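There are two complexes below, and they share chain A, which is joined by chain B in the first and by chain C in the second.
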Partner chain A sequence: MITVENLSFSYSKSPFISGMSFSVSEGEIFGFLGPSGAGKSTLQKILIGMLRTYQGSCIVNGVECKNRTKHFYENIGVDFEFSTMYEKLTAKENLQFFSSLYKKQPRPVDVLLKMVGLEQDADKRVADYSKGMKSRLNFIKALLHDPPLLCLDEPTSGLDPANSRMMKNMILEEKAKGKTILLTTHNMQDAAELCDRVAFIVNGKICALDSPHNLIMSKGAAAVTYTWIENGEHSASCSLEQISSDERLKSLIAENRLQSIHSSEPTLNDIFMDITGRTLL
Partner chain B sequence: MRLKRLFLMDMRFQAKYGFYFLYEALTIIYIAVLFALPENWKEKAAAILIFSDPASMGLFFMGAIVLLEKSQNTTCALAVSPVHATEYVIAKVSSLSAISLVVAAILALAAGVDHLFIVLFGTFLSSVIFTLFGIIVATKIASLNQFILWTVPIEAICFVPAILHLFRITPAWWGHYPVNVCMDMVSGRSLSATGFLATTALTVVLFMLSRFCVLKMWDRMGGVKL
Partner chain C sequence: MRAIRLSFFQMIAVLRRDMMLLVSCLAPILAGFFFRFAIPLLETALTDSFHITSIISPCYELIDLLFAMLPSTMFCFVSAMVSLEERDEKTVSYLFITPLGKTGYLFARFGIPAVIAFFATAILLSVFKLTALSPLTILLLAAGGTLQGMIVALLVLTFSSNKLEGMAVAKLSTLTILGAVTPFFIQSDTQYVTSPLPSFWIGKAILEDVPLYMLPAFVLSAMWIYFLLKRYLGKIQEKIN
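So, the complex of A and B:
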């Protein structure tokens, strides 16, 4: 579906993206993770054919992005991080207009609005929508022409937990239909939950690329932390792999003296910081 | 069909932002002015009014339209859609030409001008040229101030020669200058073959340039704040 080889791009004399190579298979959710200014949005702009002065090769849906024609967009749905709607028109008018630009039979606007809980606000002007409502509307706009490839930029940004959950479920439903999804996000939890594979991008380079599970496991096993009372509260940790050889823990369990015990796995964020030395802010 | 949908959307956009309401009010004022003028002034006054407003509104309104589109990021949405730059330009030009023609027809009828068809054809040609100039400038700017500054030289090369030509202050060969050809038609005079060729050539060049500028704008992907 997507093959990128030795991709480089520059806004000025110094390279902004350099030497990127990766591929994304059909039906995969592929995440781009990285701090602001790392090159995620630039990479996405290249993949959706908006930046065409790159070096190397970037093939999407069998088309070299720098040579794309406007027909290229019949097969791509793009959800920008910001609203891209006519503010003085209603949500329904916007969706009807944008769906009419494609050759494909569009998905029913009313059904899509209902899917994101906006059916009651379909006839409201977009200018009167909240940030979260605009975000949901923008998402279904990308689905209108039922494209096989979706490019989503921070799809859960500005959403409350309930709507964020709904949005993630919808993304997983699209994947279940066989869609390929490119997800650009700061949100490690979303990435860990949704993505089959993620690429950590820092300073225009891919620092790591694997499944969230493999990346987490690469750091080593989870740690177990326990506390007990003995002239005040004490705590100690051991790795989950070595729990059976921790004599103190064994005796505390035998004597029923444990105050608390919990395990903690490293998060994708920990792995990101470990590999890149950067946070995602 | 996509062109028709873009055209209708442009008209709806212009209606929502009050362009049609504004032109209803302006048309009433212009008609009042025309009725207040002496009979022998009416034809020239109508030509000046038509040329300086409905025929050239595209130059000024295109800045507002494209800036509004940029501020709402709909330029981004169109950039990643199958819409071609050619369709975008034609929809903009034809939607503004439609309102130009209606207003020009009302003013011409109110002034009792002869040769209505020539007046309207001249209005259409002028509207196309000015709207294309408007698109070329609007795609490059990020604020209304910039737009106003950029349109000053266009106004200077378009309006000054046309007004001078209307009052026959310019040499005869200036009659082939495209905006003067348009002014001739707006004032009811028929056009020469040379004038028509020059105006057509300018229109084609401006169309190609505006198409190129729209493609560049889409590559830059808009997103300015008003």
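So, the complex of A and C:
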């Protein structure tokens, strides 16, 4: 679906993106993770044909992005982080207009609005929408023409936990339909939950690329922390791999004296910090 | 073509929600009634009061000339304001990545309004003209006026970054129309100071009744439009970056 080889791009004389190579298969959710200014959005703009002065090769849906035609956009749905709606028009009017630009039979606007819980506000002007409502509306705009490739930029940004959950479920539903999804985010939790593979991007380069599970496992086994009472509360830790050789833990279990025990796996964020030496915030 | 047409109708839908822009579109008709009926009445009243044979009537040609530029300037100004709003709302960036594309967008916002402006100018000028303009002159004036309107629209888009700035720039941009006035009031070679303005040559064509003067007007308009369009597209690309 997407093949990028030796991609380089520059806004000035110094390179902004350099030597990027990766591929994304059909039906995959692929995440771009990185701090602000790392090059994630620029990469997305190249992939959707907005920036065409790059070097290397960037093939999306069989088309070299710099040679894209208008037809290219029949098969791509883009959800920007910011609202791209006519504020004076209602949500329904906006969706009807944008869906009319495509040759494909559009998905029913009312159904899409209902899916994101906006059916009651369909005839409200977008200017009167909250940030979260605009986010949801922006998302379904990308789905209007039922494209096989979705490019989502921070789709859960500004959403409350319930709506964020709903949005993530919708993304997984689209994946289940066989769609390829590019997810640009700095929310590690979302990436770990949704993505089949993620690429860590820092300073315009891919620092690591693998599935979230493999990346987490690469750090080593989870740690087990336990507490017990013996002249006050005490705690100790051991790695999950060596749990059977921890004599103190074995005796505490045998004597039924454990106060608490829990394991803690490294998060994708820990891995990101380990690999890049940077945080996402 | 379908996407271009739909995008143009979308602009009309936006206009319907904006009274200021809607009235701006109708302003040439109101101005036409004023020029055609109120000015001759005023002329009669003034000449009767001052017992002079003519006061305003020597300027009727100039009034026709300025009126010829009004519909296109207003239509193109309205398009520019809608486009600025779309830039503020970031819908432009989104429209560029739909089958409409950048070229389609430019056609919908400037091409179609310019064509409409051309026909509207030709019709309104035929109805409201104060002097005996030939059909050929009317068509040439409509074409010159349309190009002038496009220049005003592109000046607004190139030198302003939001609607508020757009209003201010629009007022300044309409000064480019004043080139048409120069040959009427300055007989010496000093008049050529305004010769880089296409409107100067339109004014000269009407005043001296030499249609050939429309040629430099068209060439200059094309040059202005080319350079402004290039700057405007550069500005849009900066926004995308």
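We take it that the second predicted complex is superposed on the first by the 281 of 281 C-alpha atoms of A that agree within 3 Å, B and C clash if a C-alpha of one lies under 4 Å from a C-alpha of the other, contacts with A are read in each partner's own complex, and residues count from 1 in each chain.
As a working rule, a residue touches a chain if its C-beta (ideal position, glycine included) is under 8 Å from a C-beta of that chain, and two chains touch if they have at least 3 such contacts.
Keep in mind that what you see is a predicted model, and the values were worked out from it rather than measured.
After superposition on chain A, the partners chain B and chain C are seen to clash.
When the shared chain is aligned, chain B and chain C each come close enough to touch A:Y102. Of the two partner chains, chain B and chain C are each touched by A:E74. When both complexes are overlaid on chain A, the residue A:R52 reaches chain B alone and has no touch with chain C. Contact with neither chain B nor chain C is seen for A:L159 once the two complexes are overlaid on the shared chain.
Once the two complexes are overlaid on the shared chain, A:T84 sits against chain B and chain C alike.
When the two complexes are overlaid on their common chain A, residue A:Y11 makes contact with chain C while staying clear of chain B. In the superposition on chain A, A:L149 contacts neither chain B nor chain C. In the superposition on the C-alpha atoms of chain A, the part of chain A touched by chain B in one complex and by chain C in the other spans residues 45, 48-51, 70-71, 73-74, 76, 78, 80, 82-89, 93, 97-98, 100-103. Listed in rising order, the residues of chain C touching chain A in the complex are 3, 6-7, 10, 13-14, 17-18, 86, 89-91, 93-101, 104, 240-241. The touching residues of chain A, when paired with chain C in their complex, are 11, 45, 48-51, 70-71, 73-74, 76, 78, 80, 82-89, 93, 97-98, 100-103.
Contact residues of chain B toward chain A in the complex are 2, 5-6, 9, 12-13, 16-17, 72-74, 76-77, 79-84, 218-219, 221, 223. Within the complex formed with chain B, the residues of chain A that make contact are 45, 48-52, 70-71, 73-74, 76, 78, 80, 82-89, 93, 97-98, 100-103, 141.
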